[in-house]
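Each in structure tokens, the structures are laid out below.
In what comes next, subunit A is part of two complexes: it sits with subunit B in the first one and with subunit C in the second one.
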Partner chain A sequence: MRGLLPLVRWVAAVAVAAVVLMPVVWAVSISFKPPAEWAAHPPRLVPEEPTLANYQVLFQVGNPVGVVAEMTRTAEPVTRAFITSLIVAPLATAASVAIGFFAAYAVSRYQVGGPMLPFLALTTRMFPPVAFAVPLLVYYRMLGLIDTRLGLALMYTGFTVAFPLWMIKGFIDSVPRHVEEAAILDGASRWRVLFTITLPLVKGGVAAALLFVFILNWTEFLFALIFTSRHAITLPVQVSYYAGAVGRFYGPQAALGIVASLPVVIAGYVIQRHLVRGFTFGLVK
Partner chain B sequence: MATIALRRLVKRFGSTVAVDDVSLDIPHGKLVCLLGPSGCGKTTTLRMIAGLEQPTSGEILFDGAPVSNVPPQRRGIGMVFQNYALFTHMTTYDNLAFGLRIRGEPRETVDGEVRRMAEVLELTAVLDHPAARLDLSTMQRVALGRTLITRPRVLLLDEPLNNIRPGLREMLRAELRRLQLDLNQTAVYVTHDQEEALSLADQVIIMARGKVEQIGSPDGVYRRPRNRFVAAFVGSPTMNFLPCEVTSRDGEPHLAGPGFVIPAGRRPDLGPRGRLIVLGIRPEGVRLGEGPVSAVVMLIQPAGADQIIELAVGDHRLRALIRPSLRLTIGQQVALDFPSDELHLFDAATGEALDG
Partner chain C sequence: MVYWCRERVERMAGLLGGRIAEVANRDSTFRVILVAPLQLLLWFLLIVPTLIVLYLSVVNWQPIMGVDWWQAPLAWVGNYARVVRDVRFWEAMARTLGVVVAAVGLEFLLGLGLALLLRGEFLGKRFFTSVILYPMMLPWVVVGLVFFLLFLDRGPVNYIIGLTFGPDAPFDWYGHPLSALGVIVLADVWQWTPFMFLILYSGLGALPKEPQEAAMTLGASPWQIFRYVMLPMLRPIIYVAVVIRALEAFKIFDLVFIITRGGPGTSTESISLYIYRLSAIYGQLSYAAAMAVLILVMVAVLTRYAVKPMEQQQVPQ
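Then we have the complex of A and B:
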């Protein structure tokens, strides 16, 4: 019986992984398939005639031939959307987590805004986001922020800031006040304490918030669709362009999906070390 | 030089009064213990001295100058917290170096001081260890070193030995005292452990419910408690209390307790006959063998060098500390004496000591 347990665990782990990873695997498969195989019956996981055409279409490098080239001629190259996403998402994430960190500190240590403030901050997430779209559209038009990267970054910052506030607040709450007081009595200013004592002690929470908010911002679709049209479209919007009136271009769409997920994978990989440390580097109770 | 004076210090949190009109003087180079049960305001008093809490009213003077407007960073205070408050994301070395680095001391100075302090506190071997991985007694020494390295004018200690296991605690206590004497360091030590306070302090300040109950030498508060609270709080096992009435026999003042009458000794302040009094006697003051008080042995607790005997006198229980060679059995009738120089008398209504 003993010997069976690791096997059962292994099977269960593989089963879960298979379910979770299936869509990803399928997207990778499609991205290398020529048009004829996109929706072929019966479906095949391994492409019969693997091709890089889908990826070439995205960046419009070389001269893709055949149906794919023909069908996607209307779409713009993804470079611009890629750059927009690479500017907007990190910018909004950094702003959101920075503001969230300071807000969390103020709420945790000074009860700024009273006990209801953290809850009120969450109200931005309590409505269907589209409820905000029309009023915001009016203001954005007046401010000239429609279809700008700055406009999107501001909006993403505002809509995500409640998350880092809550996530980091929990971590700051668990840093004993005495630790900060000890640093103050050693001569450190409030700011110095914040950056040399508190921030390093909660960096696990900050890392988690960074990753979480980055994923939200990177994949945001609705506002990007509504508030941009040409100059500031982001990758998720670009992905949607491959399903047009002419038909569904699964191949390029899948290829773009794969390419677009790479920054998140990289960010997650870079940050995960800090996530684990954040939870294990315990404090004395 | 560093003397501290508190003048009519009051601290309120909302409607609760944490510190209620506390005035005291802490002389230079002395170790003063703030002693009291939890919630008595001793830690709040300490935090006000540090500047971590603002007094509601009253004044704190360092060397005669008020410090109300001096932020904690510039009071020249070093404080060791109950949970040490180490910077757990740093190594022992960085913890020790923190205060000096904040002051912008040059690298070589910092390094020299840290190594010297590590030498004194025997931390050299763990300098590179992360502070979070140290054991409690080592953490305590790191906390102390981190505090002392900046040469504070006043050292504040908030129950620093609470988390240390008993045997080691006595050792560290002695070490701490030696260090304080060597440095001639003014220190305020908060504790709820009366034994710790008595063994460590030059002066003990006993607090209860935000007020100072008594200030005195360890010997003074033990021998001449000013009221019932102090009498009960200081000394272990706790002092026995028996209700008595002032009476006289053969023209001499006597005390009539439950089932006994004993001479009260020469006490001018005893008051009129019939006055209700609480008689206090420490377990170590009770004499077994012969005397006017008859009691029944209820419980025998060997305690190493002594044994603690629980006795019933009328409806009252009291404890006596006696030699272990004396063989007693439970249920045995014994005679007790309360020598008059061992008696502590308190007014039954106010709890104030009579012998003043």
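Then we have the complex of A and C:
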């Protein structure tokens, strides 16, 4: 019985991994299929005539690539949305983590803003975002921020800042004060201490917060859908356009889904290693 | 002359810079500068919008009225009274809560099972854990799209059902409210079970080993050890994981929007989708605001009650 356990465990792990991988593998497979195979019966995992046309139409609509071009005439190329996402998500992530880091330091060291400030920041995550979208619609229209990348980045900063605040606060709490006090006695300014002593000690927390907030900003959909219409639409919104308006046009839908997911998945796996390093080097104990 | 000027300017700039640096280095200013961006952001995106939504909910305003929103006629509790009588609102609410219970319940059971299963060392463990975690990184809309493709009429799921149960068994998943909601719940479970797994797995790893060993020495069965030794110690972490996940699942919008658009009819509409339509599509901002305020109050009260036992409970060591 004891000897069987590892085998059972291994079989179960393989089954779980298969369930986790299969849906996306199927989408990848569709993204390389020509239109005739999208809904072919019986479905095949490996495309009979693999094609890149689904990916091509994403970036050059109107280029004749057979039936796909015929079906995509109404859809816009995704280049613009891609660029918007590449600007808004990193910008908002940097702003959110920087603001969160400063505030975390102030809260951890001086309890600025009272004990309620961190919880106030957390309320931005507690409630459904749509509840904030209603007043922001009025507000943003007045300020002319609707359908701008700046407006979107501002919103993303505000609605993710609770995470870096809480994540980095935990790290700063564990940095002993006497390290900083020693440097101040040596004549370093508070800013110098903050950037050259505290920041390197908590960089594991900062890296974790960066990754986490980037994923949130890259994948955000509701605000982008409501507050952008033409100039500042992001990739998730473009995915929804492809999925809805054009109907049964599964190949490019799947291709766009893959393209929209790649940056976060790659970022996740690249930073994963640094996270482990950050966590081990960053701890002062 | 030029040199003299430059020298003066440089010295003044130096003095000014030194003065700024000195002021910025003062304890009181330092604190204020550190926390000011956060406070500005919260005022701009949390406090002012909350005041506006409260105001909007007691007036009667729509953009098409041609009046500025601060000149709208008062409606007092009229909007709230309308929400209370709105069948579509209550149906969306019940549906959303149902999805939360089903999805979070399944995620908890599966996550706990996985955490227990993967506790020991085995071949390829690192690979499995990193494979299991990737769905969390995907955009919700992409998960919705992937599951939409899986459950198509002529998709792979129906094909497998046809092979197993005969050619009449394949099912029109999006044609019926319950099965369409089932696809939404499955997509949510697929994406967020890893989150439950991650929290419960690290929780299990942090449990002290002695009580388990003591129970084993006294002859307790594995089930008894799990049920009466590990589960009580794990309870605070289970609480945190379930509350966080439930709050997130209650916001459900992206999956519904991509997979069913609330259809057929409005039979799979979630509360977020309904408020989105009212505000962004139908332009009934005051009505949507009243609904938003009710949701804010409800979530706040529920969370308060959910958090209470967490505060009273001490982690047994």
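We adopt the following convention: the second predicted complex is superposed on the first by the 252 of 285 C-alpha atoms of A that agree within 3 Å, B and C clash if a C-alpha of one lies under 4 Å from a C-alpha of the other, contacts with A are read in each partner's own complex, and residues count from 1 in each chain.
Keep in mind that, in the parts below, contacts are C-beta pairs under 8 Å (C-beta built on N, C-alpha and C of every residue); 3 or more make two chains touch, one makes a residue touch a chain.
Worth saying up front: this structure is predicted, and the values here are computed from it rather than measured.
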* Quick one: on subunit A, after the overlay, do subunit B and subunit C clash, or do they fit? Just give me the call. => fit
* To do: Kindly classify A:Ser189 by the partners it touches after superposition: subunit B alone (first), subunit C alone (second), both, or neither?
  => both
* Asked: After superposition on the shared chain, which partner residues are touched by A:Leu165: those of subunit B (first), subunit C (second), both, or neither?
  -> second
* Asked: A:Pro200 contacts which: subunit B (first), subunit C (second), both, neither?
  -> first
* To do: Answer with first, second, both or neither: which of subunit B and subunit C does A:Val270 touch in the superposed model?
  => neither
* Asked: Under the superposition described above, what is the C-alpha centre angle at subunit A formed with subunit B and subunit C, rounded in steps of 10 degrees?
  -> 80
* Superposed model, subunit A: greater residue contact from subunit B or subunit C -> C
* Asked: Looking at the overlay, does A:Val179 come into contact with subunit B only (first), subunit C only (second), both, or neither?
  -> first
* Is A:Leu117 in contact with subunit B, with subunit C, with both, or with neither (first, second, both, neither)? -> second
* Minimum Cα separation, subunit B versus subunit C, post-superposition (Å)? -> 10
* Structure fact -> Check: subunit A residues flagged as touching subunit B and also subunit C 189
* In the complex, go through subunit B and note every residue touching subunit A. => 50, 52, 72-74, 77-79, 81-89, 98-99, 102-103, 132, 139, 143, 146-147, 150
* Across the complex, what residues on subunit C touch subunit A? -> 21, 24-25, 27, 30-35, 37-39, 41-42, 44-46, 48-53, 56, 69, 114, 117-118, 120, 122-125, 128, 130-132, 134-142, 144-150, 152-156, 159, 190, 194, 247, 250-251, 253-254, 257-258, 261, 271-272, 275-276, 279-280, 285, 288-289, 292-293, 295-296, 299-300, 303
* Asked: Which subunit A residues qualify as touching subunit B in the complex?
  -> 176, 178-179, 181-189, 192, 197, 200-201, 281-285
* Which bits of subunit A are touching subunit C when the two form their complex? -> 6, 9-10, 12-13, 16-17, 19-21, 23-24, 26-27, 30, 39-43, 98-100, 102-103, 105-107, 110, 112-113, 117, 120-121, 123-139, 154-155, 157-159, 161, 165, 189-191, 215, 218-219, 221-222, 225-226, 235-236, 239-240, 243-244, 250, 253-254, 257, 260-261, 264-265, 268-269, 272
